[in-house]
Every structure is written in structure tokens, then in C-alpha cells.
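What follows is a structure written as C-alpha cells; I'll ask about it next.
Should a chain be cited, it is by its letter among A, B, C, D and E, assigned in written order, with residues numbered from 1 in that chain.
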Amino acid sequence: MSEPTSTAGTPVPETPTAGTSIPSASTRGKPTRGAFRPLRAALCFGARPLRAALWLAVLAVAVAVPFYLEGFWLQAGLFAMSAAIGAIGINLLTGATGQLSLGHAFFLAVGAYSYVSLSSDLGLPTPLAAVAAVIVAGVSGGLFSPIAGRLKGAYLGIATLALIFVGQHILFNAEPVTGGFNGRPVPPMELFGLVFADTPELVVLNVPFGSLERLWFLGIALLAGAAVFARGVLRGRPGLAMNTIRDHEIAAGVMGVPVARYRAGVFVLSSMYGGLAGVLVALVFQQVVPDYFGMLLSLDYLATIVIGGLGSVAGAVVGAAFVSLLPQLLTRYSDALPLVAEPGSGGVSPAEAARILYGAAVVAVVLFLPGGLVGLATRLGRVRLKELRWAKSAPAPASRR
Amino acid sequence: MDGMTHRRGEPRAHPLRRLRMPMRNQPVGTAGGDGLPELVVSEVTVRFAGLTALDAASFTVAPGSVHALIGPNGAGKSTCFNVLSGVYRATSGSVRFGGAELTSLRPHQVAALGVARTFQNIALPPHLTVRDNLMLGRHRLTRAGFVSAGLRLPSARREAVRHGARVAEIAEFAGVGDALSIPVGLLPYGVQKRVELARALCMEPRLLLLDEPVAGMNGGERREMTALIQSVRESLGISVLLVEHDMGMVMRIADAVTVLDFGRRIAGGPPEEVQRDPEVIRAYLGDFGGPSGERGEA
Amino acid sequence: MSGEAGPGTGGPEIEGAEIEGPQIAAPGAADPKAGGLEIRGLEVRYGPVRALRGVHLAVPRGAVAAVLGANGAGKTTLLRAVSGTLRFHRGAITSGTVAFGGSRLDGVPAAAVVRRGVVQVPEGRRVFARMTVAENLRAGALGVPGRRAAAARERVLELFPVLAERAHQRAGLLSGGEQQMLAIGRALMAGPSLLLLDEPTLGLAPLMAARIADTVRQINAQGTSVLLVEQNAAMALALAERAYVLEVGEVTLSGPAAELAASDEVRRRYLGIGAPETDRPVGTDPGPGHERHERTRLARWTA
Amino acid sequence: MAVFLELLVNGISVGAVYALIALGFVVIFKATEVVNFTHASLLLAGGYVIARLHPLIGFWAALAAGIAAAALVGALVEFLILRRAHVGSRGVLAIVTIGVDILLTTELTRRIGTEVLALGDPWGDRVLRLGPVTVAETRVVALAVAATLIVAFLLAFKFTGWGVAMRAAAEDAETAALMGVRLGRVSLSAWAVAGALAAVAAMFLCVFPTPGLDRGTAAAAMKAFPAAILGGLDSTTGALAGGLIVGVTETLMSGYQSELAFLGRGIGDAAPFLVMIVILLLRPSGLFGTKEPARV
Amino acid sequence: GSGKATGGGGGGDAGAANVDGVKTGPGVTATTITVSALTDLTGPYASFGKSQTQAQQLYFDQVNAGGGVCGRKYELVVRDHGYDTQKAVAAYTEIAPKSAAIVQFIGSPMITALKQRIDGDKLLTIPMAWATTLLGSRAIQVTGTTYDVDMINAVEFLTKEKGIKSGDKIGHLYFEGDYGESSLNGSKYAADKLGLQIVEQKIKATDQDMSAQVAAFKAAGVKAVLVSVGPRQTASLVGVSLAKGMDVPFVGSNSAYAPQLLATPAGPALLKDFYYVSAGTPVSAQNPGMQKLVADYQAKYPGETLDSGVPTGWSAAMIVDEAMKKACEAKDLTREGVLNAHRSQSNFGGDFGTPMNFTFFDKPASRSSYVLKPDKAALGGAVVFREAEVSELAKDYPVPVG
């Protein structure tokens, strides 16, 4: 090969150890040739038999779960799936495009309530109502686009807080649609004659299939679809444009990316993810209440993507599993855990323990695991010589700007 | 500032007629052929609060030529680029490129017309690989949106493959073919500059704007870059507008030069002529600017 | 050799103030050479990447030394090692010493290095974009007594009149060259005893580049030592007494600047003079075996 | 009219407290460019110390202790966490502060438990009568303190070396270090100052007309978000303006909520956010905020 | 988790006869009856949740010490949801299949979210919330009065004893949410009947400073104020009103007051002219049951605050225990059996609250409330100001359901 410039100026790397400051090749979910960890590589779509086998295994486990785990676990899993869908959406926005949003709970609310209202009030068939609800969430994200397209970073983040507060106001006041403070019961989804509810009773392989067991499969399908779609977006033309907007807005514009339109577009897309997460969570709850869609939910999403790993789909999923399962695990096993106090004994309660662990996890991940939980996996299997050959001669990314 | 007057000399002197270097290896009918339009900058003024960065500046870039824009620091060269690429809005005046009036367009609309640029300070997302950076250059030529990319429609895949091949071709041409899968931030400065140029080329531009392409490079790299730009012009026959302080390089490759000072055009014409212009020497070159100047060879 | 003194022997740390300016170099130092910069056996790594190794370099007090080298040779790294800013780039001195005025600088934090009178103009301008020009200059003079700062400012504004005109403009909006002037002016505000210049003429018009050269001469005449990294080798060699050529992190050539300027090697590689290929028309084949890239023609794109 | 005046004056008086909270945000943002979600827990920490100590050492000493304690907590957060977080984007740092806030708030609310803690301030429930209008004395003091502090910070940021150093460090740490700025101390001092401000704000937040400090107190810090951003995240003047706007909007909207019934009940809470949206549409960097200089 | 075949936990009344001839359902084994508390120990209602849970623990310990019920011992499972809907729903999913009853469920948003499922599971549940929206379910037993009934009684108290008369305006400060809205329903109903005018002010739980609301009330010229908010807001409201010279009587719902407030600067104002209505007997009451409870509680939890949560939690445990006893008599400890037993009681009374009728589930169990007054010296910070009675209006008041 003929390297064009300054062959003189490239010191030879000696120790092929990890830990070069390759900032985050993972932010783009796209493997740089060679540098890849086995697991994730195996999870990529491709023809390699190993990958196919791994996917099959994942699928088998997912299918088997409802036959073995009790309702509590299924429900926890479903919450995690919903959180994962929402987190993927916010990762598209915050991780990939660099736009902060503290208002995502609002779009969950829009999705959940639209589903309820469209199916109960307008009598739409439930699958159609679900699709329409996602679209409504997108439209409401679009209505916010004058803000979402113009503001950046912290300003956008705080501006989106308005969505939470105004959203709550609407949820409480628009009673005919939202049911006010009581919320509304959620009609169960009915797909090809299968009702996602406890009745009519259904027994599969000697296991009673209630609403949670049935929803489990719906959740898996929705999450898989959402993840695959997001990966496609991130690795495709829009993903590049989004990353460039994040890193260098003006350059993006000059390269032909309509920046404001793209910002608004990503916002719409991520609100649709929020909407979908909302529909799923409504189906699990069986009743929508305004209370749930508050600020804390939004903050959880941000913590989720940081813990999991910014900008990647896998990060969102892993983070969501962590953040939404942790408190439930602690509460569930509160009796068995040593740190957890008897009611009223003044010690740390399970809920508090969960919050402390969760706050600490955010801090710890940022301090010790740049790239999040997913980044940790990445680093374990990184570094090939070719990378290093180039890494050696890199000026610090910022130094000429 | 003392009163700068508009210089004599033909402001619209057509540079093509004075080409020092005939475009030898040029495919038939590139230069000025197939309707490559002129870029006509006329009377463009840009004011910022209390400051006139461009003051009724006018010049024309002939189709297929390399036109250099030079002038002291703060003369308004980059501002001019920013107006041409839609980053700044001109206070008054017009910029016509073919049938289009650029001053009323947003950056992405200008890009859509085939105007590509590089930046005085490298503007590459450092975490993206070279390939991704170049693919971004294809943005205006590709169509895949959220839906088709998300669903991985066959059209999007085909598009990615086709344009990926062209990206590889351009990367090879620009000498960054081996770096395609490396995050840009890890590359040496000189290579980054090439990537920027390659990215601009990936837009399949009709007009290429280069802002100080050889700044911060040593003699060897300057030569490389200059040759690359030459080669671009020869292969593609596109117009190039160039800002550069390296007079050696300007002398070598420019067909025509426009000199700005305090936002005004103080001279223009063929390089040798401009170089001898006392006004230009006074305002810009000083005693060091001659062809035998220190930077010398490009 | 004085450079071997422990890190603790530096000037007394003045506690309490947030920012301290450089202290005026003790005038009565016995040996005029002892006040200079001494780099011995320096090795610097960025993680696994070794960017410098075994570098010996000296800038005697009151002298100008130039460092030449290709992109990525380690010039900036060298300056970072002196100014204590390696850690911002996850780099570290892994062996060797850097001493100035007889006391060690390696391991000393950047702010403390400044307090010893060593001031660097960073590569790539790095002005404080959101602050005004005047505030940028102030930032350069943090800790310098008001009177001295005023005098320094006067000198800087005289040198770069445009900075006076733009005193209240935000620095981020200046043109590239104006930002470069500001960056240099800001460093001069501190009245350093050793000035580290990293490509000071980057993006400057020829006239202004000449002006910078004059300035370097001038401040050097007033007693400031200068370590100059510059792509414009001709200018650097004209200014410097001594020059060093860095290649792949090692000093491959060093000596009196005039001697270096006369050497074939330097003339060809850094001055671009006398090299056979400079005379051939650009774009033609440079011949085999050369480092130049084999460039194919680019076909036009047909949609 | 009297009602309007009463509401207006009340709004301004509440706004003064919001302004104080917002000022803390602004100081951190200006000095580090981080949106500091930890502010709520700093508030709680300051208030908690004052509340616990005043029966033992008297109000003024307790206030001093509270300020010192909150400053210490702020400094510790900086020293132990933010300084060590090597992340590329400030957005991520903001999310880190969310994590820290969760940690601190959980522990503090656990300590506060179910109590409502009085702060033992000297103003009590005295009110000032201005013609037909009454306003709590505490709030008058708050307004004076807020105005003083804001002017002080305005001057400090503009004219002291500390201010210049802080802004330089915020923008480009490495270059600031090359100017002799001791980065560690500067950001440490910013966080300490923000902590101290939080304690002062907490004091005013927990005295009459509110009953005292309890676990819900931190929620009030939310109001400071629209306040800070309305005025411009990096503007001390903006903090004052934003605080007052939020206070007045909220108070007027609540006061007139029966007249504004068509907007739904309880519009007072959402109103500041609506105003914020409108202002951001017109001025994306807030009323007094500086626009990011964008040039290439 | 192990395999889960049909016939395990899950749904309602698939009971199986046991050795002792008692049919059992989920949560009941040969030796234990598992009851659960879904409570808030870390959220806004933590103090309430804590004292209730402790009282219930005390109750079941005593029953167990006395030999248990139906030959079985109680086991109390406590889950803290911190007033978070998702956690509450998750906790319900976990404990429902293994519980025979829920003795305590705090948080009406959480209960509302689960109402359908509770109904479907036929799981006897005692909510610790008194909104009318919780009525209408056979499995859910709202104890005592609902908020609206309390407010009707409060308005009548104002007209009878505080000189409010037709044409007067009274203010009502209430929380967003069903606590506030239920209360508002009651006050509006009463005002309508009595020719009064209600001046509404709605706030959020995060609001701290009631100055604006006081200004609005003052401007409207209200003669009294009803208070359906949290203790903190009550303190601010009463304090600010007095400081601004609005010296009127205040009557709160039972959740508007907490004895902790007396230690704050608002204490004196609260002692002046503030009352609250409740169907629960205050701990300071001088009846033998209450005195024993207080003594036992203080013995077991020395130094803990004694607030209204203690008798409330205790009597909820009593209700469940009573239902179990009755179900045991009928040899049917299935969920259906427990519900039947519970719904057969028409005069459940005692020393801890006004008498209750459980035979219908679309009306409040009781319509009479005490009027209580803060008192620094009294145990639990309040004393009975007026004995429990049903107002004329409340008697015929058609309670909205669901």
C-alpha cells in the first residue's frame, strides 16, 4: 500500500494493549473493519453460521420464558421491553443526534392515551389504534418541531420539560379523552383473533396463558422490530446525517443536510418510539393514569442510555433492562437482602436502596466505563493491529479546531 | 483604514484565456462543457454589528477554472465562502450560479446545486470513520430516508452499495483509500485535510470552494495537496474557488486571482499581474510575497 | 547538570491566589545558559503510542530554537511535554527530564509551569470563542500586576492593531488569521521568559507572517527565550540560532540554524529547495519509489 | 386592581426565591457549561443542615454552617465525580449530575424522613404592608439578597480574574491551563459557590410562607429550570429576570385561575413553561443569554 | 423460576378442600394465611405508611400470639412502592397470587390502575384512600367515609357552628387528583344545597407557597376555607392567611393535617381556627380499645409518632381479620368465601372509627365524621372537637361511583 503523507511522522506502536483513546467508535453502531467484539459481531445480521445460531438461541430463550417464569417476571420483562423501546428512541435523539430531551414521558403518555382513546372512543380495531397512536405521538413530536428544530443541547433539554408539565396539565384536564386523574381502562389488544388479556382462558402446553404471557410475545416482537428499525436508521444515510449534526452542525448543512428539518425529523421519530413504548406499557398496566408519565420517567430514560451506552441500540436495550429491573429485583427480594430494613426500622428500604444503586450506577458507568455497559463488552474484544497502526499517528481530535 | 480604491484592471478579465497550464488530460467537453455555469458574485456586502466584512465585492469564476481569492487576514475571504455556501446571509448583493441566486438559499439548498466546500478549520466529525464521513458527502445524491433506511428497503441497500463504491473510488483518488474504516479523529492532520477534500468531492460538485487547503502543512504535503487539486480540475473539469495564503501555490495553480482588502476588491486578474500590483504588495504580500518567498514551493 | 534537580526545587509556591502570573526570571542567575530549557532523554507516550523518544534539546537563555518536522513527527507533543498539557491528551512523559531555569518541569501541572514563566501559544489558535477579544487578552494576563498588564496590552495592540479595533467583539467571530494574532497576543500578555510557539504563522497572510517573525526577534531581543515550531522552515531557520529536526519522534538532525539551512537534507525536505520533483510540472508522475501516492484519475460520476 | 397588585407583588416575591435558585444553576453553567441537576439536592443539603443545627447554635450560625456544608457538598461532587468523569459531551455530564442528584436526594430525604423541619428564622410570619398589599418580610429580604448577589456575580464574572478564569476554563480547559488558570481550584470554587447559593436559596424557600423543610422541598428547584433558561443559561441578569417572570406568571395564573378556567384548572404550574416556550421560540438562547458564536 | 403448570396460583376461586375441611384459595395453606400490604415507606405518604404498617404488624402479631385464626397464623408481606405506579403494579403482580387479602394499599392512582385486576382476582383489598372513584368494586373496601362525605359534613359544620350562611363564599383549596376532586364534589354539592358559593383553587402536590391562593381567596372575600391538600400546603395556607389578616375558619380533610406541623412556625395558626374532619377516631380518644392500642403500640415502637395511621391501619387489619374469621366459620377460605364473609357484615364498629356497613360496595361504608382540632398536648396532636355525626345533607347525598 502506498500511504500518501508523512510516512516519516508515524511512530511505531509497541504495546498492542487496549485503551487507546478511540473516543467512541461505538457511537455509530457501525463496526470499523476488524475492531469488533465477538458477541456484538455475532448478533449482527449476516450469514455466518455462528450468528445464526446465536440468534436462534436468543429466540429460543425468549419463547421459552413465559413457560417457566411467573407473572412478576414477565411483567418486569415487559416493563423493561417498553423502557427499551423508549430508550432506543431517546438514544436516536440524544446519543446519535446530540439533542437532550427531558420530556419523553410525554410521548409515552400520548401513545398510551391515544391508543385508549382511539380504540375505546372511536372504536378503531386495536391494532390499528396502536399504529395510529404511534403516529399521533409522532405528530405531537412534529408540533414541537419549531422548538426541536431550533434549539440545541441544554436549551432543548430544559425546553422539553415543558412537555412534561403542560402534558400533565392536559392529562388532568382533558377529561373526556384522558379520564382525568383516574385515567382510563385500556382495551386489550386483539390481533388475528387472539386477545391479549386473561380471558378467554388459554392454556398452552399445560401452562395457563394469561395476558402477561401473551403480551410477552407481542413485546418481544415490538422490541425486535423497533431495534432493527433503529439500527437501520443509524447505519444508513439518516444516521450519518444525525451524527454529523451532533458533531458539526455547520458542516452538516454545507454537505446538504437540512439541519433543522433533520433535527425535527429525529425528534418526531424518537417521539414515535416513545409512543410505541407508551402503547406497550398501557397494555401491560391495563389502565392508564397520568401520574406515571412524569418527569422521573424521562430522567430514567436519560440514565438508561448513559448506563447502557450512548448512541447504540444495544446500549439502550441493556440499559433499560438494568434500570427497570433493578428496583423490582430489590423490592422482590427485600426480605432476603441484608441491607433492606424492616418497615419502619429506619434502615435503608428496598426502594431507597434501588435508587441509590441506580444513581451510583450512572456515576460509576461514567467514571469507570466510558461507553456504558455495552462499551465494556466492546472493549473486551477490541484492538487489532491495523487500528493501532493508524491510531498511533492521530492528532487529538480537537487540536486543530 | 486609509481609503482603498477600486483597482484598475479588468474586473471581469476572463481567466481561461490566460491559462498557464493547458488542461491537457482533460476529457473532451469538460471545461465549460455540459453547461457548467459561471459563478458570478456581484456587489456582495456583508455587515455584522458595526463591521463591514464584505463591501460590494464582485468577481466571476469562469467555468472550469481555478480562481484564487486572496487578501490580508480579516479581508472577508472566509466570509465570502460563507455567503456562497449559504452559511451567512448577505446584507445585499447577489451571487448567481447558473440560474440560481445563492444568497437566498440555505446551506443544504446550495449544496443541492453542486457547490461543495472545505473549511479553514477542519470540520469533520472525529468519531466517524472516513467512509462514513465520505458517505455523508453523498447525502445530496442519495435518497434513503428514515423509513427506507429503517426498513432496509432494497432501494436503500442498492443505493448504499452503489454510492459506497464511488466513495471508495474517490477515497482512492484522494489518497485516503486505506483509511476508510478509521475514525477520522485518529488520523494525522494532513490526511484529515485530504479527507475533507474527498468529502467535498463526494458531493460530485460543480463548484468546489477550498478554504486554505494547505495551511499547516509542510513543503511535501503542500505539493501533494496542490497536485491533488490540479488533478481534480483536470479529471472533473469543475470550477474551483480557492482561498490560500501560500502565494507559491496560488501562483502555480490559479488561472485568475481576486484580491480583497477590508472586504473590498482591490485587484484582480491573472496571477502574475496581481502579484506585481503595488497595492497588493502593500496590503498583502509585503516584501515576502514574491514567488521566491519563503513558503516558496507548492 | 542542573536539570537533574528534583521537582520540589521549583520556585516557592504562592498559595492563596487563584491565578498567578509568571515570575520574572531571577536576573542574577550566575550562568547565563543555566536559565534555559533543558530536555534530556525525553520519551512521551499516548497510551500505547510512543510519540517521542530519547529527545535531547536545549534552549539557552535568551536564545531562539526551532523545531522542524513533518506532520505527526511530535513537534506539538514536545511543546506539550514542556508546558505540562500532555495529560489533556491522555499522554504522559514516560522517561527523561524537562528542566527550566534549573528546576524540573516534568510532572508539574500546566498552571504551575506558567508561573515559572513558560508560556505556550497552542496549536490551532484556541481562542476563547465566547469571550471578547479584550477578555481573551485579560485571560492571558491573569495574575500579572495591573500596571504591567496595561503595558503589555499596549504592546500587543500596537503589534496587532486589529485587536484594538475588535476589542469588544467575540473572539469566536474573528477571522482565522485574526484569531491567530489574538492567540499570540494573549501569550505575550504574560511577559514570559520562555515562549513556546506552535506554528504561529498558521493561516497568516505573508505580510503578517513577516510581522510575526519581526515580533519574535523583538521579544527575543528583550530577553525572552523562544522555542519555535513552524512549518515555514525558511522563516524558522532565519529566526533561530539552533534548530532541531524531529522525525518519527526522534531528533535526527540538530545544530546551528545556519548550518542546517545549508544542509541538503533540510533544503530538500523542509525548505523544498533543490528537490528534483519540485521542478517537474505538478500532477505528473513523480517516478517510482518515491513516497508520493500513485494517483489515478477520477472518472466523472454518472448517476 | 388591588388583587392584581397583591398577586403581582407576591409573584415578584416568589420570583426572588426562584431567581436565587436559578443563580446557582447559572453560576455552574457559566463556569463549567454543565446543566447541574444536582442543584436540587444541594438545596436540600443546605436546608437540612440549617434545620438541624438552628436549635443548637441559633439561626445565624446555623445558616453559616448550612452554607458551608452545602458548599462542601458541592465541592465534593466536583472533586470526587465531575473532575474524574472524562466524557466528551457536556450532555453526558448533565446526566451524571442527574445520577448524583438521585443519590444525594435519596439519602437526604431518608434522613428528613417524614418530618417538616422549621428553620428558626428571625422573620417569622411578619408581613410588610404596602398600602393594600401585603408581602412576607422574608420575601422582601430574599429579593434584596437576590438582587445583591446577582449584581455581585455579574461584576465578579466580568471584572475579576476569577470570573475571567472561570469562563476561560469552561470554554477550553487546556488553553486556560496554558494561561496559568488552576483548573481544579476554579471549578471546585464554582461548585462550592453554587452550593453556598443553594443553601441561601433553601433558607428562603423553607421559611414563611412555607412551613419548613421537608422531603418535597427539592421539587421547588424544578421551577428554577424555566427561570434559568428564560433569562439565558449563562446570564446572571437573566437568572433574576427569569425568576421574576416565572414567579409572576405562576402567581397571576393561580390567582386568576377561576377566570382562566377555560385553560383548565391548575394552569399556574404549566404557565411558566408555556411562557418559556414562547420566549425560546423568539430567542433561542433566552432573554439575556449569549448566542453561541457560530462561524467556520 | 420453576415450571408453572396449570392449577398453581393465578385466578379466583378454584378452591380445594383441605384436611380440616376448610376450602382454601390462594394465599392460604394449612398453617398460614398470607396477607399483604402495598404501602409507601419512601414516598410522600411515608409517615402514614409507616405507622399503618407498624400497627398492622402489631395486630397480626397479637392475633398470632392468641393462636391465630382458623388454626392458621397470619403472615404479613410488606411491599413498598414509594408512591410509584409502576412499582405498585409490579408489586401487585408479585404478591397477588400468594395473598389471601390486601390489608393496606396506599395511593389512589395505584389502586385505580389496578382496580380491574383486583376485581378480577376477587382479592379483598383495603385501600388507604377515600376517593369515590374507588367505590363500586366488590373486592375493594373503602373504609369509613369518602372525602366528599367528609367535606359535606365539614360544610354543614361551618354553617352550624361557624356562622356561615346562605350567600357566603367559601374557599376550597384542593389537590389535583382524585383526593382533591372528590372533596370538591362534596363541597360543591353541599354549597349548592345551602346556597353557598365555592371559590376553587387547585394546586399540585409540589406547590409550597400558598400566598397566591390566599390572595385570591382574600380578594373573593371568602368567609371560610376548606382544605383538601397535604399537610405542608395546609400549614402555608393557614399561616399566610392569618399573617395577611384573613382570619377565617379552616376545615380540612383528614389528609390535610399532620401532627408534625405543630412544631413548625405555622403551629400557632393551626391551633387557632383550624379543624379537620375524619371518620377515624383520633388516638387521643378516651375509649378502652384505643387506649389499649396506644399502650401496645408505644410498647412495641417506643418513640415513634402516633398519628392517625395507627388506628387506621389497625382497623383495616381488623376488617380483614373479621372477614377471615367469618369465612372460617363458613369453612371457605377461598377468595370468594372471604369476600362473601366480608360483605355480610352490616354493622362493623368499634373504638377506632364510625360504624361501617359493608353489605353494599357502591356507597361509602359510613357517612358520619368527627370534627377534630389540633392540640399540642394531645396524643397524636388532635382531639375530638365535635363527636361523629351524619349531617342531613350527607345522609341523602348520592355518591358518584367509579
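As a working rule, a contact is a pair of C-beta atoms (placed from the backbone, for glycine too) under 8 Å apart; a residue touches a chain by one contact, two chains touch by 3 or more.
Everything numeric here is computed off the predicted structure, so don't read it as measured data.
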item	value
Third chains touching both subunit C and subunit A	B, D
Steps needed, at minimum, to go from subunit C to subunit E via contacts	2
Between A-E and B-D, the pair joined by more C-beta contacts	A-E
Taking each chain's C-alpha mean as its centre, the one farthest from subunit A	C
Chain centre separation in whole Å, for subunit E relative to subunit D (CA means)	37
Mean-CA-position distance for subunit D and subunit A (Å)	31
Inter-chain centre distance, subunit A versus subunit B - centres from mean C-alpha coordinates, in Å	41
Between subunit B and subunit C, centroid-to-centroid distance (C-alpha), Å	30
Multi-chain contact sites of subunit A, meaning residues that touch two or more partners	3-6, 9-10, 23-24, 172, 250-251, 352, 391, 393, 395-396, 400-401
Touching two or more other chains - residues of subunit B	78, 87, 119-121, 123, 175, 188-190, 216, 220-221, 224
Two or more partner chains touched - positions in subunit E	42, 50, 176
Residues of subunit B that touch subunit A when the two form their complex	85-87, 106-108, 110-112, 116-117, 119, 121-129, 132, 135-140, 142-146, 148-152, 156, 159-160, 175-176, 178-192, 194, 199, 203, 216, 220-221, 224
Subunit D to subunit E touching residues, read off their complex	2-3, 6-7, 10-11, 13-14, 109-110, 113-118, 124-127, 134, 136, 205, 207-212, 214-217, 219-220, 222, 250-252, 254-258, 265-266, 268-269
Parts of subunit D lying in touch with subunit C, wherever the complex brings them together	161-162, 164-165, 167-168, 171-183, 185-186, 189, 290, 292-295
Complex interface listing, subunit E residues touching subunit A	1-6, 9-11, 39, 41-43, 50-51, 53-54, 57, 78-82, 84-87, 89-91, 93-94, 97, 109, 112-117, 120, 133, 176-178, 181, 301, 304
List of subunit B residues in touch with subunit D within their complex	78, 82, 87, 119-121, 123
